[in-house]
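Just dropping this structure here.
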Amino acid sequence: MADIRSLHDAVADLVHDGDTLAMEGFTHLIPYAAAHEIIRQDITDLTLARMTPDVIYDQLIGAGLVKKLIFSWGGNPGVGSLHRFRDAVENGWPRPLELDEHSHAGMANRYVAGASRLPFAVLRGYRGSDLATRTDTVSSVTCPFTGEELAAVAALNPDVTVIHAQQADRDGNVQLWGLTGVQKEAALAAGRVLVTVEEIVDELTPRPGGVVLPTWVIDACAVVPGGAHPSYASGYTVRDNAFYQAWDPIARDRDAFTQWLDTNVRTEGAAVR
Amino acid sequence: MTTTEDFTHDELMEVNAARALAGARTCFVGIGLPSTAANLARNTVNPKLVLIYESGTIGSKPTRLPLSIGDGELAETADAVVPVPEMFNYWLQGGRIDVGFLGAAQVDRFANINTTVVERGPGKPEGRLPGAGGAPEIASNCGKVLMVLRHSTRNFVRKLDFVTTLGHGSGPGDRKELGMPGAGPVAVITDLGILRPDPATAELVLTELHPGVTVEQVRAATGWELKTADTVGVTEPPTAAELAALRALKAAGRDQA
Amino acid sequence: MADIRSLHDAVADLVHDGDTLAMEGFTHLIPYAAAHEIIRQDITDLTLARMTPDVIYDQLIGAGLVKKLIFSWGGNPGVGSLHRFRDAVENGWPRPLELDEHSHAGMANRYVAGASRLPFAVLRGYRGSDLATRTDTVSSVTCPFTGEELAAVAALNPDVTVIHAQQADRDGNVQLWGLTGVQKEAALAAGRVLVTVEEIVDELTPRPGGVVLPTWVIDACAVVPGGAHPSYASGYTVRDNAFYQAWDPIARDRDAFTQWLDTNVRTEGAAVR
Amino acid sequence: MTTTEDFTHDELMEVNAARALAGARTCFVGIGLPSTAANLARNTVNPKLVLIYESGTIGSKPTRLPLSIGDGELAETADAVVPVPEMFNYWLQGGRIDVGFLGAAQVDRFANINTTVVERGPGKPEGRLPGAGGAPEIASNCGKVLMVLRHSTRNFVRKLDFVTTLGHGSGPGDRKELGMPGAGPVAVITDLGILRPDPATAELVLTELHPGVTVEQVRAATGWELKTADTVGVTEPPTAAELAALRALKAAGRDQA
């Protein structure tokens, strides 16, 4: 059952050094506030999983908390490179970053297998690609009916998944809507689940495209209005495209990045209470 | 037909990329140039084109160029929004999509794509690119693939440093042997002209030049000994309507940032 | 693209003798009117697929049009047996009925594989059950990562799928909501798709729980208000539980059944125009 | 505690089946007797019990007994409605459900279940039952399984004609060997009493009688040599509140037909 807790306490209890952590949200509903709390609490040696690492993981990687990244597309959407990600991969700064790299279809199916508590998923994928040569989480299976060889991807079961949603009720049932990406799968695949929400409402009204996660699959909810900024929460906030563009020069430079982190994240005042 | 001389090489690329979508029912749209092309197509040659973004939107009708594949307007204007795993399994792998429209960092003569890592010379670490995204399965499963990217020897290379996404492999038959349902890349539209695979060899050859561009210019911007088709055509100049639509799209896109 | 057509013409064009036909709808939105049109047109030698055959398939089987049934639970929900189904299996009346029998989990995943255009799907199922001994569409695969042996079920790709939905727009885009069962998968797995709808609307308004099938995955829509009776269409009609109960004595008796069919289905007046 | 003597054997079965759901968070509910029990539990011992139906509803709160697993009220009162494949893959196979509540046509001493075919004697065709439905995977994947059915030698048989759904196989260890995550059947609640698997043998033994029932009556209604627990208890008679809730549910259920 999901307790309604402060972000500080929920992160402290649910996210541990060395965890495999998924923070999902496909451009929409990215749990930035939770990532910043992780940075403030200096939770480290993380293996991060995410289809599209985005600026949120650029920040965690640059903060030196990440030893491995499981992903399928690591860019600043619509802008360019993730410079902290690149610096870690290319130059090992601030620490080397191990990669487990997939295609989107493969990553999505890894979460599906995880949510289904199957050890693997099958897809017609990775054909002719060098991707499979660099990972041990892609293999193959032969169809017992047709003999066709297909790609198998290993299930991805994070220790903890963190997502942002629009609403929770007082019992901790959660609803998100709009682009809901792979969040249901990432949550159901995980050992522990933390959801930050825009607000608590008396009753969840079913929404078109709404995904409901009942309280008994969630460990904690934290109320963090605007917790997806600079991404957005449909119906509450809009995407701060200017921030994504402004991130490029900040992230290009190690000092500028560190200063940004110190000023905007690692200060007492930046913490959500 | 009204034409104008006031257009850029990028506009030639974008207009021709949009034209390549005439007649398509559904297009899986990569972000960046492919998204510009697909949205322009919807405003010009193919108003009924169904735009599909990997964020899960089917039938998006944005009024401005989305900055990312997850912009809110893509969902709000869609016929349907589906979970990402469903998008890749039922819709893409399910063979529902006519055209996959891709960009690329590096492409070779068989239209194979690298978006993963590039060599930067001795003593230097590999340069890191964003990675595969949806491209390997888009290129495999869509009915056909269109590509759009700027022409330079940095992009059009003799040998890929890494094959992220298979185009035609090492020649005709490779796709079939790998059991890929779609026809693969049928055109690479650049700011200089259009390359298409020779049916006999699957090697990209120059089939069209944009107005004012020479074969030599294209060859100089290509990292392999580019062959030309028996007849190299010249693309129609952009019409005033095409240019107006393109510029309106871009202006609207800029407003959002 | 879905043409809006009469039920008569859509059935005549899309459903053929010998087809594998799926008519799905999990208690809700069962396409009875289309089944009756198939009976009127005497389309025969059908292989019928459906998770819960229900009274709709009892009628088609009793009418002598079915050579094989692919299913996972064949009863009159909440009432008892499907007597026409039993009579065909036990006594071969009016013709023998071949069975391909699964569990619900297996059937659902067969449709998922079909919609995904994969040759098979994987599940942790059928363990210790005799079911797998009576079908050639259950096999096993070994996980290439863990070595675990799992069930594999063959993809189910009907020649034609028929479903009932609440609404279509004038372009033939369809929306259904409420219990949406396995209809999306059954439709996307099929070679041809016919949707009967309660009504045509100017615009589909997104609904909570709504499943939208775009016109370009559908071959024909036919407007058949009440076309799910005695099942129901949420927001339009209610389930006619009395009919399900009344069906029991009708279906128990061959003559009573035949007379019911003659009076209620095989008459010119019963046809939807 | 207020009790009454005015109750039927079926009501004893239903009330005890409901009581068995005390403390459970989530229950995968079969139609018929299991649905009666689960809905009664929600109105008595376990108001917060999350009812899950294979039609895709999670957290249904019907006010009357549904006739079928797809009645409209199950969806309208649910916390979430999910597609049927998702129900079986993410929720059931995903290990999210504490208790699976099943009926059965035939059960053997190891709580294996047949709902497929029954032998009807020489020269007669097999008798056809409805089939498996969700039961094989419910029994495999739920944390534990409860069963409810009427006691007779027709139902409690020495040997199943067909194993549709594995309970405990041929004894302890079989489930583990087959890699089944859940604990399997922990109680079979009938109109005469309650059988539970002996921890040492996994064989169903009589552990409780309903008030007024004798061990001999239960043995006579069981197709194998039924063993009894060292101490056979007697179930608490239904309370007035339990009976009132049960009868109200059934009356509401009848209204709908």
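So that you can tell them apart, the chains are marked A, B, C and D in the order they are listed, and the count of residues begins at 1 in each.
Keep this in mind: a residue touches a chain if its C-beta (ideal position, glycine included) is under 8 Å from a C-beta of that chain, and two chains touch if they have at least 3 such contacts.
This structure is a prediction, so every number in the text was calculated from the model and none was measured.
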Touching both chain A and chain C we find B, D
Averaging C-alpha coordinates per chain, one finds the centres of chain B and chain C separated by a number of Å equal to 41
Chain centres from averaged Cα atoms put chain C and chain D apart, in whole Å, by 28
Expressed in whole Å, how far the mean CA point of chain B lies from that of chain D is 58
Chain D residues touching 2+ other chains are 89, 93, 181
Multi-chain touching residues of chain A, meaning two or more other chains, are 112, 116-118, 123-124, 148, 184-185, 209
Touching pairs of chains in this structure are A-B, A-C, A-D, B-C, C-D
Residue set of chain D touching chain C in the complex reads 31-32, 54-57, 66-72, 74-76, 81, 83-85, 87-89, 92-93, 112, 116, 125-128, 130-137, 140-141, 162-166, 169, 174-175, 178-181, 256-257
In the complex, chain C touches chain A at residues 116-124, 137, 139-146, 148, 150, 152, 154, 206-210
As the complex stands, chain B meets chain C at residues 25-26, 50, 58-59, 79-80, 89-90, 93-96, 181
Touching chain D in the complex, chain C uses residues 26-28, 51-52, 71-75, 77-79, 81-82, 85-86, 89-91, 101-105, 108-109, 111-112, 123-131, 148-149, 178-182, 184-185, 209, 211, 231-232, 234, 238-239, 241-242, 244-245
Given the complex, residues on chain C that touch chain B span 112, 115-118, 173, 184-185, 188, 204, 212, 214, 216-217
